[in-house]
Amino acid sequence: MRVGVVGASGYVGGETLRLLVNHPQVEITAVTSRQYAGQYLHRIQPSLRGFTDMVFSELDYDRMSDRCDIIITAVPHGSATEIVKAFYDRGIRIIDLSADYRLHDPAAYDKWYGWEHPHPEYLKKSVFGVPELHRDQIKDSQLVSCPGCMAVTSVLALEPLVRHKMIDTDHIVVDSKIGSSGAGSGQGTAHAMRAGVIRPYKPARHRHTGEIEQELSEAAGSKIRVSMSPHAVDVVRGILCTNHTFLTQDTDEKSVWRIYREAYGEERFVRLIRDKKGLYKFPDPKFLVGSNFCDVGFDLDEDNSRLIALSASDNLMKGAAGSAVQNLNVMCGFDEMEGLRYTPLTPV
Amino acid sequence: MRVGVVGASGYVGGETLRLLVNHPQVEITAVTSRQYAGQYLHRIQPSLRGFTDMVFSELDYDRMSDRCDIIITAVPHGSATEIVKAFYDRGIRIIDLSADYRLHDPAAYDKWYGWEHPHPEYLKKSVFGVPELHRDQIKDSQLVSCPGCMAVTSVLALEPLVRHKMIDTDHIVVDSKIGSSGAGSGQGTAHAMRAGVIRPYKPARHRHTGEIEQELSEAAGSKIRVSMSPHAVDVVRGILCTNHTFLTQDTDEKSVWRIYREAYGEERFVRLIRDKKGLYKFPDPKFLVGSNFCDVGFDLDEDNSRLIALSASDNLMKGAAGSAVQNLNVMCGFDEMEGLRYTPLTPV
Amino acid sequence: MRVGVVGASGYVGGETLRLLVNHPQVEITAVTSRQYAGQYLHRIQPSLRGFTDMVFSELDYDRMSDRCDIIITAVPHGSATEIVKAFYDRGIRIIDLSADYRLHDPAAYDKWYGWEHPHPEYLKKSVFGVPELHRDQIKDSQLVSCPGCMAVTSVLALEPLVRHKMIDTDHIVVDSKIGSSGAGSGQGTAHAMRAGVIRPYKPARHRHTGEIEQELSEAAGSKIRVSMSPHAVDVVRGILCTNHTFLTQDTDEKSVWRIYREAYGEERFVRLIRDKKGLYKFPDPKFLVGSNFCDVGFDLDEDNSRLIALSASDNLMKGAAGSAVQNLNVMCGFDEMEGLRYTPLTPV
Amino acid sequence: MRVGVVGASGYVGGETLRLLVNHPQVEITAVTSRQYAGQYLHRIQPSLRGFTDMVFSELDYDRMSDRCDIIITAVPHGSATEIVKAFYDRGIRIIDLSADYRLHDPAAYDKWYGWEHPHPEYLKKSVFGVPELHRDQIKDSQLVSCPGCMAVTSVLALEPLVRHKMIDTDHIVVDSKIGSSGAGSGQGTAHAMRAGVIRPYKPARHRHTGEIEQELSEAAGSKIRVSMSPHAVDVVRGILCTNHTFLTQDTDEKSVWRIYREAYGEERFVRLIRDKKGLYKFPDPKFLVGSNFCDVGFDLDEDNSRLIALSASDNLMKGAAGSAVQNLNVMCGFDEMEGLRYTPLTPV
C-alpha cells in the first residue's frame, strides 16, 4: 500500500512515520512539510535516522494523488479542511488526524472551535475513526477522522456503560491528565515552566468534549452532556481519563466486568486491567508508552453509588498515530495489529 | 517557645524542623527518632546541615515534658494514639500530624482505618487544625490535629460553597493529584516505577475522604458524602484538587468570587487565583513549592451547571508541616505568618 | 530457535522478553523466577499482558536444557557463576547478562567485585559480547557475556581512538550519566529521593571500569587505565558517556570522522551523529529510548588538544537486553537486526 | 538599603526579588522590565503574589538613581554594558548578574562572546563577585559582577587545589550538568523535547570557561586552561560540576580535607560534604534547592592519581540571585547570611 503523509514534521507526524517505516505492507511514497521541504526527514525526526533517506517535499495534490493510495494528514486543527477535500475530490482515501472532520454536526464547529466549517457537506462523509465502535463503516469509508486523544480514551471507558444505561447521564465527570507531547511540537511550554506542573488548563469547554458527547449520545440514543476537565502533568506521553460516573441501579464488580468483556473481549487494542495488589491494579499510561493499547479498568464506590471508570493510553499512539495505522489496517483489510505489534516500554 | 518533635526522621518531620530552625520565636529542645537515636539530625535530614548540631534522642515522655512547651508528633498513622495521650495527660500541648485524632467520631476509625480507636474519649478534645475554619478553637486547645494534605486542600475550596448551599451535595467529586513525598519516607515506590506515572491508586474509599466529609458536613449542617479519587503523578511536592461540583442555582463568576473573598479575604495563606491568560490562570502546585499557601480558584461550565473549584498546595507545607507551624502560631498567639514567610520557589 | 530466560522478573529480564515475544525466529520455551514461580509473566511484567500466557517456573537445569537451544541469564551479579557453568557443562549455549563472565582475568574479580571467581577456567571460554568488536568470536562461541551498559557505551566511542593511537592513554576521563532503571528492580531509590538528582554515586573504582580497561587495553596492545565516574540523573532509561580525551597529535574533524566511519560505517547499531545546529547535534539518550542503537559523536576543543567523544544508548537495550538479542542473532546466523528493528520513541 | 532591580521579569530577576522581599534590611524601590512595564510584578512572577503590589516600570536612569542606593541588573548577556556604565557614571553601586563585566581582559570578550567590549576601561573597575575569594575587594567596590553559575560552582571546588599546586593544571576536566532554568525564561526548549535529556550542549568552548580560567590562573599565578563541557539534564534547578583532576603528588583524604577546611572552614555558604554511606555521600544539587550553599566534596582514584572534586549549587541561588544578595550584604556591611537563611528544600 502506497501511503503519503501530509504535515509530517510534528510529533504526530513523526510518530506516524515511525510506525509506517516498519509496517510490512506499507510503502511511504510521499512526505510533506511546508517548513522543511527539501530537508532529510531524519534531520527533523531523529528517530528515523537510519530508517529512511526520504526528503520532505511541498504539498502537491496531483503528484501525491498519483503516488499514493492513502493519505494521512497530520496538520494542525483548522488547516485540514481544504487538504482533505482536495484529496477526497481526487478519489483518494484519507485518514485525517486533525479535528476538522471529527464532528458530524456543522454547528458543533461553531460551538467548540469558534469557526464555521467551510465544507459542512463533507462532514457526513467522514467516519469517526474508532474501530472498536465503527469498524464496519471504517472498512469502506473514503474518509476516516481519527479521534482526539482524550476523546478516544474516555469514550472507550464510557461507551459500554452508557449503552447499557448503567450510569446517570446527567453527571458524567471526565477528569483527564495528559503529557506535554499532546501540545504538539512548536506549541509547548518551556521545560522550566512545565516540569512539575499539575495544571488545570481548560476546566470547562475543552474541545474534545464535543467528540465525547457525540459518541456517547449515539450510544445512548439521546443527547448527552459530559463534564470534561483536562490537566497537564509532568510526563511526555500518556493520558489517563478518570471517568467519574454515578450508577442508576445497584451493581457489582462482576456485572461491570461482564459488560466490558462483552464490549472488548475480542478487541486487540483494549485491555481490561484489574490486579488485586501492586502497581498494576488500574490503568496507568506509564505502562503503555509506545504501544497502541487503551487500557480500561474501574472501581466501585458503594458509599456514593459511584463507578469510577479508568482508561489510559499513549496520546501519540492510540490517541493519534496508532489509531491512524489501525484505521489504515481496517480500511485496507490488513490484520488490525499489522505494524502495531509493539509491547509497551517498561520501565520508561 | 520550647518545641519538641517526635518522629523527626521522615519527610514531614524534616520539613517541620526546616521551618522551626528559622522560626524566630521557637527553640527546638528535643527531637526523637527510634531508628536514628544518637545520630546527628543532619545525617538524616541533609537540609539541616549547618543549621543545627542536634542529635536524635529516644522518646522519653517525662524528659520531653520537662523540656518542651509544645510537642509536634510526626509519626505514622496509628502510632500516635498513645504518644498523644501520654503528653496530653502530662498537660503538654500537642500538635499531631498523624491521622489519629482528626476524626471526631470513633466509628469513623473503624470505617476508614479498619481499627478501633483505643482512646475514643480523647477525640473530642482534639480540634481539626485548619485555622481558616477553626481559629478560635485552636487558640485555646491543648490538642490540635493537623489535617491530611488532600483533605485541607479540598476542604478549603469546598467549604464556602457548601456553607452557602451553592452546590448539590449529592454529587461532589474530588479528583486529587499528588506527588511522591506524600507517601512518606521509606514507603515510596522506586523511581523507575514511579517516574512518569499517572496512577489512580485508590479511586474509592481513600482515608482522607472521612476528614473531608466531616468538615463539609459541619459546614452543611447535615451529613454529606464526598466522592474522592487520588492519583499519583510525577512530582515530588504538590497536590491539586479538582473539585467538580454541580450548582443548585444559576450563578456567575462574580458571585462565586464574592463568596470566596468573603471567606478568605483576610486570610494570609489562602490566595484566590484568576488570570485571564498565561500560565497562572488557575491554581497549580508548581507555583507553591516550599510555601504555606493554599491557592483557590474556579471555572464555570454553564453547559453542565458545573462549578469546578480548584485548589492547590504543597503537601509537605500547608498539607503537613506548614499547617503544624501555623497552628503553633495560633496556639501561642504569634503572628500567624511567623516562620512561614516563604514565597514559593519559582521555577523549580 | 528455542530460548529460555533465567531470572526474568527484573527490568533486564522484562526487556529481554519484550524483545523475544516479537522476534520472528524465536520461541520462548522457558522462563524462570525464584520469587514468582507459578505466576503469570504479565503480573510482574505488565508490558507482556496480551502477548503471552506463560507462567514463571523454577530453575530446573535438565528440564530447561531439554527445552531450550539457548539460555539467556538475567540474574544479579554474583548469582550467575553456577548457573552459567551448569548449562555450559550440559552443552547449552548461553548469553549471560550478569558481570560474572565479562572479565577474562580472574584477578580482576577480586579487584572490582571483591570476590574470588569460583570457576576461573571458564572465563576464557567467554566472549565479551560486543559484535562490533568481536563478531567472529561470538558466532561460534558457546558462552557470550553481555557488557555492562556504561562499558559498551563508552568502549564504542573510545576503541577506534585508542586503536589508532590518537589519544593520550594516561588521561582518559569517562564521565557517565545514567537513568534509574540501571539500578535494577527492587534496588532503586524511592522517587522522592531520586527525582531531580544529579548524583555522583561512585566517582572512583566503579566496577564497569574493569571492562572498559580490558577492551581498550586489547585495542591498544598494552595495559590502559581509565578514569570513570558515573552519575545518577533523573531519567528512567538512558546513558550518556562523555569521554574526555587528549590528543597525541594535531587532527581535525574530518580525520576523526574518517576513523569512526571506518570503524562503524557498516554497523547497523552504531550511528554517527553530527548536526550543525538544533537539538540533535550530539548523541543524547533521549532520542534512543527503546532502540538498540549506540549513537557516537564528538567535538574538538583545540584550546586544550581535547577530543570529547560522546556516546549514548538505552541502558536496557544496547546496554543489556538489546545486546543479548543482537548476540543471539549473531550466534544463530540470523540477520543482526532481527527482532531489533525498533526506531527510538520520540518524544518520550 | 534601597535597591532597584533592572530586568526583573526573567528567572534570575524573579529569584532576586523573591530574596529581596524578605530581606530585613532591604527596601525594593524600583523594578524595571521593558516588556512588562505597567504590569503588576505578580502577574509575571507568581511567587510574589501576596508579597508585593509593585508594578514594573521602564528603565529611567535618573529616576532610579534618585530612588536606589544599589542597582542589581538581571538583563541578558550583552545588554548590560550600557546600563552598568550609566549607573556607574551616576555614582550608583551596581551588582551585575550578566556576563558583561566578569572578565578582566577585554580580549576575552572577543574570544568567548564574539564581540568587542564597548567599555573596556570599566572592566578593571569590576570585582568578580565571589566573596569566598574576593571579599575584601567586594566590600569597597562600586561594581561587582556576579559569576556564571557553572563558573562559581566549579571554581569553589578547584581554587584551593590549584592554589596549593596539588593538581596537574594541564588536565583539568570540568564536566558540568545543569537544569533547564539556566537557559533563562523565554529561551528554554519545550518540555516534550527537554524532559529526559542528557544532552551535551557545548562540549568545547563554553563561555563560562573564560571565567574559570581567569580565576584559576589568578590562584596559580600563571595562565591555566580548563576543559569544560556542560550538559543539560532533566531538572529545573541545580548544577553539579564533576571536576576531574590529576594529582601532582601522592596525597590522602585527610590532606585534601585539610586544604578544603582551611579554605572554607569559616565560610557560611560553602559546606564540605562527606558521608560514609547513604544518599548524602557527595554533593548533589537535589539537596540544595532554594538555598545559597555551594556544597563541595571529593573522592580519590588511586589507580589513576585522580582527584575528583565535586561541587553543587542551585544555579538560580549561589549561581545567580543568591550570589547577588550575598554580595549586597558584603558591600553594605550586613551579616552575610541576611536574607539568605534558607535551608534547602528536601525532598523536592
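We call the chains A, B, C and D, going by the order they appear; numbering starts again at 1 in every chain.
Please note the rule applied: a residue touches a chain if its C-beta (ideal position, glycine included) is under 8 Å from a C-beta of that chain, and two chains touch if they have at least 3 such contacts.
As the structure is a prediction and not an experimental result, all values here were calculated from the model.
Engineer: Which chains make contact with subunit A and with subunit C at once?
Structural biologist: Common contact partners of subunit A and subunit C, which must touch each of the two, are B, D.
Engineer: Please give the intersection of the contact partners of subunit C with those of subunit D.
Structural biologist: Output, common partners of subunit C and subunit D: A, B.
Engineer: Taking CA centroids for every chain, report which one is farthest away from subunit A.
Structural biologist: When every chain centre is compared against subunit A, the largest gap points to D.
Engineer: Report, in whole Å, the distance between the mean C-alpha point of subunit B and the mean C-alpha point of subunit D.
Structural biologist: Computed value for the inter-centroid distance: 36 Å.
Engineer: In whole angstrom, how far does the Cα centroid of subunit B sit from the Cα centroid of subunit C?
Structural biologist: That gives a centre separation of 46 Å.
Engineer: Just how far, in Å, is the C-alpha centre of subunit B from the one of subunit A?
Structural biologist: 38
Engineer: Hunt down the residues of subunit B that sit against at least two other chains at once, touch-wise.
Structural biologist: If we look for residues of subunit B contacting two or more partner chains, we find 11, 181, 189, 192-193, 195-196, 234-236, 279, 289, 347-348.
Engineer: Of all residues in subunit C, which touch subunit B in the complex?
Structural biologist: Touch residues, subunit C against subunit B: 11, 179-181, 183, 185-196, 234-236.
Engineer: Enumerate the contact residues on subunit D facing subunit B in the complex.
Structural biologist: Per the touch definition, subunit D meets subunit B at residues 11, 14, 18, 21-22, 43, 45-51, 181, 236-237, 268, 271, 273, 275, 278-280, 287, 289-291, 293, 341-348.
Engineer: Looking at the complex, which residues from subunit C come into contact with subunit D?
Structural biologist: Result: residues 171, 173, 175, 177, 189, 192-193, 195-201, 203-205, 225-227, 229, 231, 233-236, 238-240, 242, 244, 246, 279, 281-286, 289, 298-304, 306, 308, 310, 312, 347-348 of subunit C touch subunit D.
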